[in-house]
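In what follows, structures are represented as C-alpha cells.
Look for subunit A in each of the two complexes below; its partner is subunit B in the first and subunit C in the second.
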Partner chain A sequence: MLFFVIRRFGNMALIMVLVSLAVFLLLELTPGSVATKVLGPYSSEEQRRLWLEAHGYMEPLWTRYGSWLVNFVQGEFGQSIRFKVPVSDVLWPRLWNTTILGFWTFAIMIPVSLTLGVLAGMREGGLLDRAISQISVITTSIPEFASAVLFSSIFVFGLKWLPGTSTMSDGFDPLQLLLPVMVLVVYDFGYVTRMTRASMAEVMTTPYIRTAVLKGLPYRRVILRHALRNALIAPFTIIMLQINWLLSGVIVVEFAFAYKGFGALLLEAALNQDIYVIEACAMVAVFVAAATQTLADIGYTYLNPRIRFK
Partner chain B sequence: MIELVKSILPAPSKVSALVRALRSFALLRESGVGMVGAGLVLFWVIVALFAPVIAPFEPNAQLLPMAKPGTAFPGGATFWLGADQLGRDILSRIIWGSRTVLFFAPLATLCAYTVGIIMGLAAGYYRGKLDEFLSFVANAILSFPVLVLYVLVISTIGPSGINIVIAITFASAPGIMRIVRGLVLDLRNRDYVAAAQTRGESSWYIMLVEILPNARGPLIVDACLRLGYVVITIGVLGFLGLGLPPPDPDWGGMVNFARPLAIVFPHMTVFPCIAISSLILGFNLLADGLREISLRD
Partner chain C sequence: MSNKHNGGCHPYIPELREQLRCGKIDRREFLGTATRLGVSAAAAYAMAGSVFAPGAAFAAETPRKGGNLRVSMNVKEMTDPATYDWSEKGNLARHMTEPLVRINKDNVAEGYLAESWNASEDLKTWTFKLRKGVKWSNGDDFGADDVVSNFKRWLDPATGSSNQGRFSAMTEKVDTGKKDKDGKPVMSTVGTEGAVEKIDDNTVRFHLNRADLSLPESMGDYPALIVHRRFDDEGGDLSKNPVGTGPFALKEYTVGEKAVLARRNDASWWGGDVYLDKITYIDHGDDPSAQLAAFASGQIDANFRTNIEQVDVMKNIPDLVNYEAVTAQCGVARMKITEAPFDNKNLRKAIQACIDQEKILRIVYLGRGAPGEDHHVAPVHPEYFKLPRIKQDYDLAKKYLADAGHAGGIKIRIDCVANPTWEQNACKALAEMLKPAGIDLAINIMPGGTYWDRWLTTPFGMTSWTHRPLGVQVLNLAYRSGVSWNETSYANPEFDALLDEAGTLLDANGRRKLMEKIEMVLQDDAIMHQSSWRSIFTTAHKRVRGIYCQVAEEHHYNKVWLAG
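This part shows the complex of A and B:
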C-alpha cells in the first residue's frame, strides 16, 4: 500500500519533469515573442533585446530550465511577468477561489447525479430511466460557454435576478457564485448520472438482488441496504476523476464570468507567455491529476475488498 | 480439385463495401434516439453543403449594425436572427459557420484516429517495451486536463485551422490509442490472426487487414462521441479567442465577438450557442443509437 503510493508519486514527479520541459520547449517555438507581449507591438528591436537580456532570456534553454527546476523543487516558483509579483502570491489565492467554486459544484452535483442515476438504474428501460437518460444527454451536449450564455440571457438580462459577472470585487458574494456553479453542474452531472445508472442497472441484474426480492424483502430495503452499497463503488471513481475534468471546465467558466480563479489565471498566463505562471499552473494540474487518481484507486480498494494491490 | 471446390462453394458475395455500410446504417431505424441524432447531424450537413444557396446574405457583408431579429433590409431580405455589431447577418454567419465546424471537426477527428490507431495497433500487437513506452506517453498526456493542453498549445503556436487540428490530434490520439490497444490485446489471439501469421503475412498487413476491421464496432461509436467533443473543443477555443482568425464565421468566435454586447443584444450570442448545442446533441444521440444497436446483436 505504502509502496503503491510512493511509486505513484515517483511516477508523478517524472511526469512533472517531462511536462515542465515540454512547456519550456513549447514556448521556445516563438523565441523572444514574450518581449513583444510585455513591451507592446510598437517597441523597437533594441528595447526588446534589452528586456530579454535583463530578464535572462538570452541564457541557453538548459541553463534557464535547470535553474527553474532547482528553484521549483525548493518551493520558489519565480516571478510573474504579467502580474509583476512572485508567482506564489498570485497562484495560491487564485487556487483557493477555484477550490470554493469546485467545492460548491461538487456539493450540488454529487447528490443530484447519484440520486438521478440510482432512480434511473433501478428500473432499466422504464419511463423514469428513459426521461433521466435523455435529459442527461441533452445537458452534456450543451458546452459550458453555451450554457453560460443561455443562463445569463435568462437570469441576468431577462429576469435580472443574478449578477452577470463574478469578479467578487466588493468581497465575497455567494450570489455571484450561483451562475458559475450552475453552469458547471449542468454540464457535468449528466456524465456521473449515466455512470451511476449503468452501475446500478448492473447490480440490479445480479443474483443476490433477485434473492433479496424473492425472499420477500420490501423493495425499499432491497435498494437501500443491498443494491446501493455495490452500485455506488464505480461512481466513486468517476467522481474522483471528475475533479481533474473540473480544471478544464473552470477555464471556460471563469473566463465567461470573469471569476478570479485558477482557470482564468492559466488562460491569462498562456496568452501572455508568462512562463513561470504557466509552469506553476501546469504542475498544479499534474499534481491534481495524480493525486485524484491515486485517491480514487486507494478508495476503490476500501470500497471493494475484492480488489487488492499487487 | 481446386476447380471442384470452387464449383461447390458458393461464390463470395460481391456486394460493395459502400452497400454494406449503408445496410448497417439502415439498422439505425430501429433506434429512435439514433434517428433523431442522425437527423440533426444530417440537417447541419445539408445546411453546410448548400450554404451559398440558403444564406440570405454574404456572411462577412457589413450591412445593418445591431439589427434586431426580424428586421427587414431595404434590399428585400430579412435579418431573421438579427445582425451583430458590425451589421453582419447572424443567420447567414451561422449557416456559413456550419461549414467551418463540419470541415475541421471531422478532419481533426480523422487525424486523431489515424495517429491513435497506428499507436494502438503497434502497442497492442508488438507489446513489450514499445507498449510500455507508448502507454506511458499516453498516460502522461491524458493525466493533463485537455483544455489546459489546448490553451497552452494554441496560444503558443497561434490560432489557425491547421494548428487546431494538430492540437486536437495531440490531445485525443492517446485516448484512441488506449481503446485500440485494448481491442487488439483481445483480438490478437484469434485463429484468423494465427492463420495470417502462418501464411507469412507482414505484421502491418495483419494489424490493418485482419485485426482493425474486426475492432471497428466500438471505434465507430467512440468516433461519434469524439466528434461531439471536438465540436465542443472548436467552439470553446473560439469562445476563448483562440479559434479560427476572423472574419470568417465560426460559432464559438461569434459568441466571443458579441459577448460584450450580450447584455443589450442577447440574440447575437444565443443563436450560435443553440446551433452548436444542437450539432453536438446530434452526434451524442447518434452515438447512443449506434451503441444501442451494437449491443443488440
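This part shows the complex of A and C:
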C-alpha cells in the first residue's frame, strides 16, 4: 500500500512538471505580450523593451522556466500580471472560497443523491424509481448556465427572495451561497443518483440478497445491513471524481453569480493570459485530480476487500 | 505674446464671446475653447450666461450627508496611476488622487488641482496656476514640486506611462549610445530638459517643442492623476501607500473583489462639502447579467457601464435611471495600408462602398449614437465639419474591386475582440454587407488581451477608440505619420501639414474650415471604416443624486449624494 501511494504521488509530481512545462511553453513563447499586458496596449516599443529587461524576460526560456520551477517548489508562484500582487495572495483565498462552495454542494448533494439512488434502486422499475430517474435525467440535462439564469429569474427577479450575486462584499452571507449551491446540486445530484441507483439495482439482484430475503430477514435489515455497503462502492468512486468536476464546473457558476472563487480566477486569468496565475491554477487542478484519484483507490480497498494493491 | 499682457485673459477670449453672441459657435464650443485658454469653468459658464452650472439639476434639493454608494465595477490593480490603461483604474484612484484638469460632463476641461492656466499665442508656452491650500492626506502641502515630479516620471521611458505619448510635445529622441543587432543606434524618447519649469510654489510653466492645443485636455486623462512627489521613494504603490489630495481615503482593497473608499475627516477638502460617507466598488466580473441581478436585488446603487443590450432591460427594473453621454467613442475597422491586400486603395474603396453606416448603427447599436463618415472626427468635437457620407453602392464597389484586380471576389479576415459584443456584431454586419460585392470577410474573434497584443500589426482589425475632447487629438494620435499608435501605418505629408496647421488654430470656426479638408483626405484614402459614434450609458438607482455619465466613463462622486 505504501509503495502504491508513493508511486501515485511520484506520478502526480511528474504530471505536474509536464503540465507546467506545457503551459509555460504555450504562454511564455510570446514575451512581448507580457509587457503589453502589464504596461497596457498603448505603451511604446521602448517602454515594453525596458520592462522586459528589468523583469528578466530577456533571459533564455529554460533559465526562466528553471527559476520559476525552483520558486514554485518553494511556494513562490510568481507575480500576477493582472493583479500585480503575488499569485499566492490571490490563489489561496479564491481556493478557500471554492472549498466553501464545494463543501456545501457536497454536503447537500451526497446525502440527497445517495438516498434517492438507493430508494430508486431498491425496487427497479417501480413508480418511485421511474419518478426519481426522470427527475435525475431532466436536471442533469440542464446545463449550469441555463439553470443559473432560470433560478435567478425565479428567486431574484420574480419572487425577490434571494440576492442576485454572491460577491460576499460585506462579509460571508449564507443567503448569497444559496443560488450557486442550488445550481451545482441540481446539475450534479442526478448523475450520482443514477449511478447509485444502478449499483443498488445490481446488488438487489445478487444471490446473497435473494437468500437474505428468502431467509425471512426484515426488508429494512436486508437493505441496511447487506445491500447498502456493496451498493455504495461504485458511487464512492463517482463522488471522488465529482471533486474534479467541481473544480471546472464552478467556472460557469462562479462567473454567473460573481462568486470570487477558483473557477472565476482561472477564467479571468485565461482571458487575460495571466501566465503565473494560470500556471498555479493548473498545478492545483492537477494536484486535486491526482490526489482525489489516489484517495479513491485507497478508499476502494477498504470498501471492497477483494481488491488489494501490490 | 503671453496673455498677462491682456489683463490675465487670453487675447482670443473677447472674440470668442462675440462669436457666441452672434451664434457663430455654440455654448459647448465656447465653454471648451474658453477653458482651454485658461478661463475657469465657473467663469466660462458665467460668460456663456448659462444657468446650467454642473450639478444644477438638483440645486433645489438640499444634499444629504451620509451613506455608502455601492458601485459595480471591475476592481483592477491600482499600483501606479501613470501606467493605468483602463478607465476603471482611474475611477478607483480619482477620489483619492486628483488631476490638474478635469473633463466635465459637457466635454469641457475645467481646472481641478490647477486653478487656471494660460497659453502664449503660439501655444508653445503654457503657464498653470496651482490651487492654493490643497493638502495631501499625509499633511504635506500640494505644490509645484509635485507637478514637476509627476511630469518627470511620466516622461521617463522606464516608467512605462502612456503620458509620455500624451505629452510628446515635451519629449525628444536621444541616442542611448547602444547599437541594435543591425548596428543602428538605439534611440530613446526622453523628456526635453527644461520642458517643465517651476516658477514658484504654485506656478508651473510648460515649454513645448511644438504647439499643442490640447495640453489641458491631456492633463484630464485618467493616467494623469497627480501622485505625491515622494511616490516612488515611498514604494511606488498607491494601493499600499494611498496618499492623495482627494476627499476620500482607501480603507479596504482586494483586487478583483472590492475597494472601499471612506470620506476623509482629518482635513477639509479644497472643493468644499462632500456628502457620501463611503464609496464601495464591487467587482461582479465580466458577466453583465450579474450586474443586472445585483441591481434587482438591491446589492448595488450604480454601475460603471450599462451595455447597449441592457439599456432597455434596466428600464424595466423599478427605480433605476439610465444616464447617457453622447461621445466620440467608436469602433474603427481599420486597414493596415502597408500590408497586402489593403495596400491597394481600390480594394479599400470597394469595401467602403459596401457599407451602409446608418444600418450598422441601427443593427449593432440600436440606433443609439450617430452614423460615422469614415474620418474619425465626431459631431461632439468642436471642430467637426459635416461631410456627406459615402453611400452604399454595390456597382461602384464591384468596379473598385475589379480595378483592384479582384473581379472574381476576394477573401479577407478581420480581427476583433469578443467583448464588448457590439464590436463583433459590427464585424458580422460588415461581413454581410461585403458579401454582395464578392468580398468574403472571415471574422477572427479573440479575447481582448490577445487583440491588444496585435492591434498595431494586424492587417485588418476592429479597434475601439475612446472619447477624446478634441478631434485633432485623435487624429494626432492615430493617423499622423510615424506616431506609435498609427495602426493603419498611414503616412500622408499633406494630411500631416494640414493637421499641423489645425493644431495652431484656437478659433473653432477657422479650425473647422481646415477640418473639412482633413476629413476629406481621410475619407478619400479609405484607410478605415468608422461606421458609427456610440453613446455610452450608466445606470443608477433614483436615490443617487448628482450622478451623470461622463464622456470618458470617469466617476465624479465628490458631489454625489444619496437621497433618503
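Here, the second predicted complex is superposed on the first by the 306 of 310 C-alpha atoms of A that agree within 3 Å, B and C clash if a C-alpha of one lies under 4 Å from a C-alpha of the other, contacts with A are read in each partner's own complex, and residues count from 1 in each chain.
Following the convention adopted for this analysis, a contact is a pair of C-beta atoms (placed from the backbone, for glycine too) under 8 Å apart; a residue touches a chain by one contact, two chains touch by 3 or more.
Worth saying up front: this structure is predicted, and the values here are computed from it rather than measured.
A.B. asks: Answer with first, second, both or neither: which of subunit B and subunit C does A:F157 touch in the superposed model?
C.D. replies: A:F157 sits against subunit B and subunit C alike.
A.B. asks: Kindly classify A:L95 by the partners it touches after superposition: subunit B alone (first), subunit C alone (second), both, or neither?
C.D. replies: neither
A.B. asks: Figure out whether A:L241 sits in contact with subunit B (first) or subunit C (second), or with both, or with neither.
C.D. replies: neither
A.B. asks: Classify the contacts of A:A290 with the two partner chains as first (subunit B alone), second (subunit C alone), both, or neither.
C.D. replies: The first partner, subunit B, only.
A.B. asks: Using the touch definition from the top, say if A:F255 reaches subunit B (first), subunit C (second), both or neither.
C.D. replies: both
A.B. asks: According to the stated criteria, A:E268 is in contact with first (subunit B), second (subunit C), both, or neither; which is it?
C.D. replies: second
A.B. asks: Can A:I298 be said to touch subunit B (first), subunit C (second), both, or neither?
C.D. replies: neither
A.B. asks: Does subunit B (first) or subunit C (second) touch A:S141, or do both, or does neither?
C.D. replies: first
A.B. asks: If we overlay the two complexes on their shared chain A, which of subunit B and subunit C does A:V149 touch? Say first, second, both or neither.
C.D. replies: Both subunit B and subunit C are touched by A:V149.
A.B. asks: Under the contact definition given at the top, report the residues of subunit A touching subunit B in one complex and subunit C in the other.
C.D. replies: 30, 149, 152, 156-157, 164, 255-256, 270-271, 273
A.B. asks: Along subunit B, where are the residues that touch subunit A in the complex?
C.D. replies: My answer: residues 33, 140, 143-148, 151-153, 155-157, 228, 232, 235-236, 239-240, 252, 255, 259, 262-263, 266, 269-270, 273-274, 276-277, 280-281, 284-285, 288.
A.B. asks: Across the complex, what residues on subunit C touch subunit A?
C.D. replies: My answer: residues 70, 76-77, 79, 83-86, 157-162, 164-165, 188-189, 255-258, 280, 282-287, 289-290, 292-297, 299, 447-450, 452-453, 455, 484-485.
A.B. asks: In the complex of these two chains, what residues of subunit A are touching subunit C?
C.D. replies: Those in contact with subunit C are residues 30, 32-33, 36-48, 50-51, 54, 82-85, 90, 149, 152, 156-157, 160, 162-165, 167, 169, 255-258, 260, 264-265, 268, 270-273.
A.B. asks: Write out the stretch or stretches of subunit A touching subunit B in their complex.
C.D. replies: The contact residues of subunit A facing subunit B are 15, 18-19, 23, 26-27, 29-30, 134, 137-138, 140-146, 149-150, 152-153, 156-158, 164, 244-245, 247-249, 251-252, 255-256, 266-267, 270-271, 273, 278, 281-282, 285-286, 289-290, 293.
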